[in-house]
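Below are two complexes that have chain A in common, paired first with chain B and then with chain C.
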Partner chain A sequence: MTQYIIKRIGWIIFNLLVLSLIAFILIKNVPGSFLELQILIGQAGTMGTGLTISEVEKVRGVETEMMKRWGEDVPLWQQYLTFIKGLVTLDMGPSFRWPTQTIEEIIANTFPVSFTIAILAVTIAIIIGIPLGVLAALKQNSWIDYLVSALVMVVSAIPNYVMAVFVIFLFSFWIPILPTYGWGQPKNYILPVLAMSFGPIGSIAGYMRTSLLDALKQDYIRTAWAKGGTERHVIFGHAMKNSLIPLVTILGPMISHLILGTVFVEGMFGVPGMGQYFSQAAGSRDYPLMMAQTVIFGLILMIMNLIVDIIYFFLDPRIRVSRR
Partner chain B sequence: MGNKKRIGRSYWSNIWEKFKRNKLAVFGLIFVCILILLGISAPWLAPYPYDEVHYEAVWTPPCREFLAGTDQLGRDIFSRLLYSLRNAIIVGLGAQSLIVVIGLTLGLIAGFYGGKTDNILMRIVDIVYSFPSYLLNIILVLVLGRGYFSIFVAIAATGWAGMARLVRGQTLSTKSRDFVEAARASGAGNNRIMFRYILPNIIGPVIYSIFSGIPGVMLVESGLSLIGLGVRPPMPSWGLMISEGTGQFLYNPYMLLAPAGMLVLTILSFNFVAFGLRDALSARE
Partner chain C sequence: MDLLLSIDNLNVYFYRSEGVLKAVDGISYNLHKGEVLGIVGESGSGKSVSVLSIVRLLPANGKIVDGSISFDGKDILKLSMNELQDIRGKDIGFVFQDPMSSLNPVITVGQQVMEPLLWHNLCSREEAYKRAKNMLGMVGIPFPEERMKEYPFQFSGGMRQRVMIAIALICNPKLLIADEPTTSLDVTTQAQIIRLLKNMRSELDMSVILITHNLALTSNFCDRLIIMYASNMMETGGTKDVLNTPSHPYTRFLLDAVPDIEVEKELVPIPGTIPDLINPPEGCKFHPRCPMSMDICRTEKPPLFPVGDGHYSACWLCGRE
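Up next is the complex of A and B:
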């Protein structure tokens, strides 16, 4: 097992290097730059009067100065090495757009927010989704099953940015009890978490239903019935326990997807999370921040997958035996 | 030759028989056909051009003149919905075709040749699989510029890995079957075995994967256009219309409900077909 984990960590490092290289090459080729954008905004600010020649000269001077400060005056491969060194030593320098904050500070501030929301949303989805799925599977082909299945389908087809509007309408306008904007208090978490949890509820309930139905057909369940097990014993002791295992595999990707895949919901509720910072960084061509966030998010994704595999290893005795 | 054709037909009629029994799936298929027809004929069906502004009729609720109302510039929402549908279908089919071409070829090669080729290809698949796809989508669209083609490429660049994995697994289990050996014994070359013998036998799961992938692609496109990286305005997209409607929900709810409803309806119809296909395919085995 230790050997397996070490091997996996080795691959994670390799994958991260490839990811960082791809992200670096792509981002260096994005048309337009932060400075160009700032100059354009500046020109727009003077309402088309344009800059005089001496001012253009001044801008050029500032540009070379800024390039030097950001380390963009050296060859590309050197920039890449500096970027990697910054990642490893956790010293990535200031962001373009938020020059008073360093990149590691921004990530350290935004990651916990996004992570908390993702974990809360998944927790709610588990608490609601699993019983729904179990109910549907136990009453297969009854009206409860059809109702749950229909709900699962509809809910998982509605994107969370539409859900967010409905949730706001319901709890801030119709029954005005929760704030739609602001940050810092526990009650600010409720609406974004709620808006994000609907999709996961749908997929967890659907997954639970199929996996429990599958487990109920297995031979060991028949054996348990034959041995005279009670309903509670057979269903919750044997079938449920085994049908929960495949669920673990979808939780990892689900959490990492929720951490960043929710740019819109974060924007809507003014949540200072990773997703919102990424879309703003992309909009203003803040390259260092974009690159760092891409690699960090890749790292989160890979670690989640590793954790899921390790949990799976301990939960499923079949894998433990086959790997030995 | 004639013999092989007959077998091919029975494979499909088998699946079709199973598929037909699932009412919801048939319903979904009919809906998908209608939606595709609507999308194709959008330029002729739309009562107004998608970018024609009617300043005298901004924020008109649905009425006889404007079937789904007008937006903040007085553009007819019904026409814009039709064009958005068209865009979503173009993006869905285009990106999925690219995914199929890349994933099918690499998966077949990896599964068929095995050994070193398989190891290297699957390592690449693993790497792509662990990428944060949504972020790379955003970056790729920034690099390539906005437009249909760059959205196809951006989505396919990260999406092909899943297809390659599926095809490889199917190829592995198919290539050891007797008819492949028989084909080899009768002198068929590698390419012929791959594309004429193995491919027709694994096409079922591939088609399922295409159908179940289209809604995801449509959601990615709508997400991209929500943050201003989808198809270029004034060309409408559901994501853009939803973001315009979000702020108007209290005053003009139809501006949000119309695009959101169409998006959900389209995704549901594709999902129903996918579920029906999955059941029909798994019942066969």
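Up next is the complex of A and C:
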């Protein structure tokens, strides 16, 4: 097992290198630059979003520092190696868009927020989604099943920012008990987490229903009934154990997308998460942040998949024993 | 001998989108204590459904529409779910056809063998462990204690079927139902499993229903045979009587289709195909394939005519005299 995990971590590092190289080449070849964009916006000064002259100066200063650091005069491969060095030593320098903050600071400040929200949302989705799916499967083709299936479809189809409006209406307007905006207190977590958990509730409930229905059709379930099992023995002792295995596979990608894909919800509730920063990185050609974003997303996805595989290892004896 | 199981005019229908399928069309038989009954027929002849009905283990679209089943003095069709669960696995043990899929892949073999004892609250966990270990040894699994910790995928097909038999027998049932227990196994393993069933029957003193489409397996194990075709009983009687003096044309066809290593003979396939059970033929279900069919066969279903001592045949040829 330890050997397997070490091997997997080796692969993660290798994949990250390949990923960052591809991203580096693509990003370096995209037309336009951060400075050009800012000056364009600055020229449209009346829009109120541009930078003041002193800010342009500051940006120029930062860019010069970046130029020195990545060295536009040195070949691309050397620039790439410098980036990797920064990544390994956790010294990636400041962002273009937020020049007073280094990339490391941005990630250190925002990642815990996004991660906590994502984990809470998935936890709620598991707690609500699994029983819903089980209920629908056990009462297949009854009104409960149809109701759950309809709910699954609705919450999976509605984007989370619309759900955010819904929970704001529900808990801040009709029943005014929660704040709509702000950060710092535990209660500020409630609405964003709720808004983000609806989609995962839908997919987990739907997945659980299908997977349990499939398990209940298996021959070993008939054997369990023939052995004199009650519903509790057969469904929770025999069928659930098998139907949870495929469910685990969707949790990894689900968590990684929740961590990074929260831009709208963060915006609506004023959550200081990663999404805010990363959503603007690409648009403003903020190379350092874009690179960091790519690597972080890849890293989270691969770590989640590794965790899923480890959980799989404990759930499924077929994998556990054959790897021993 | 005392009566253990009595089935009277059992009718089981399957409700499909194409129509109603009569899977069991009015069959009746008795099983005495200690007796071994073989039910023989082609796939889809209703033999499995007829025995699954004994513990009401039919798929959701299957329904027992008529008849009565009496097991050990209890009217099965009137029992509550709890009373039924009390019989399943304890008084009636089941061995299914495919040992690959009939065992739960993520639960240890030991746990699966112990479950009937634990579910019926027959003994403590420690006692169940001991009994499971002994039972696995009895059915011929070497190193039972080590193997109890393993999972089904670590067992060969024949070994898995032995595990299934251990599960079926762990509560010392009054009746063992083996539904094509050897179909998915290779020939040498088939013989071992039948020999094992035979030994266990005499050791544990129970009744057995063996379902098979292989007549050869029945000859030195079963006391009595039922030949089924298209949801109906064609012939029933003592094994020797049925095999030596078959009186139904279908049984004769079946016997002609069994290869014999000692006598060189031509294997004769039965002409035609099994009928569509949603729109079955009128009269005798076998008449479209029967070379001896008469006018009456096409219109009226033959009752079981006595042709010997406890030997009956559902054929108009036998009722002519």
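Going forward, the second predicted complex is superposed on the first by the 290 of 324 C-alpha atoms of A that agree within 3 Å, B and C clash if a C-alpha of one lies under 4 Å from a C-alpha of the other, contacts with A are read in each partner's own complex, and residues count from 1 in each chain.
One rule holds in what follows: a residue touches a chain if its C-beta (ideal position, glycine included) is under 8 Å from a C-beta of that chain, and two chains touch if they have at least 3 such contacts.
On a predicted model such as this, the values are computed, not experimentally measured, just so you know.
With the C-alpha superposition on chain A as described, chain C and chain B fit side by side in the combined arrangement. The superposition places the C-alpha centres of chain B and chain C at an angle of 70 degrees about the C-alpha centre of chain A, rounded in steps of 10.
Considering which of chain B and chain C touches more of chain A, the answer is B. Using the contact criterion defined above for the overlaid structures, shared-chain residue A:Leu315 touches chain C, although it does not reach chain B.
Of the two partner chains placed by superposition, only chain B is touched by A:Leu301; chain C is not.
When both complexes are overlaid on chain A, the residue A:Ser279 reaches chain B alone and has no touch with chain C. In the superposition on chain A, no contact is made by A:Leu90 with either chain B or chain C. Touch criterion met: A:Asn242 reaches chain C, while chain B stays clear of it.
Of the two partner chains placed around the shared chain by superposition, chain C is the only one that A:Trp225 touches, whereas chain B remains out of contact. When the shared chain is aligned, no partner comes close enough to touch A:Ile13: not chain B, not chain C.
Once both complexes are placed on a shared chain A, the shortest Cα to Cα gap between chain B and chain C comes to 10 Å. Per the touch definition, chain A reaches chain B in the complex via residues 11-12, 14-15, 18-19, 22-23, 26-27, 29-31, 153-154, 156-159, 161-162, 165, 169, 173, 256, 260-261, 263-264, 267-268, 278-279, 282-283, 290, 293-294, 297-298, 301-302, 305.
Within the complex formed with chain A, the residues of chain B that make contact are 126-127, 130-132, 134-136, 138-140, 142-143, 145, 215, 219, 222-223, 226-228, 242-243, 246, 249-250, 256, 260, 263-264, 267-268, 271-272. Here chain A touches chain C in the complex through residues 218-220, 222-230, 233, 238, 241-242, 245, 315-318, 321, going by the rule given at the top.
In the complex of the two chains, the chain C residues touching chain A come out as 55, 57, 85-90, 93-94, 96, 98, 101-108, 115-116, 119-120, 150-151, 153-154, 164, 167.
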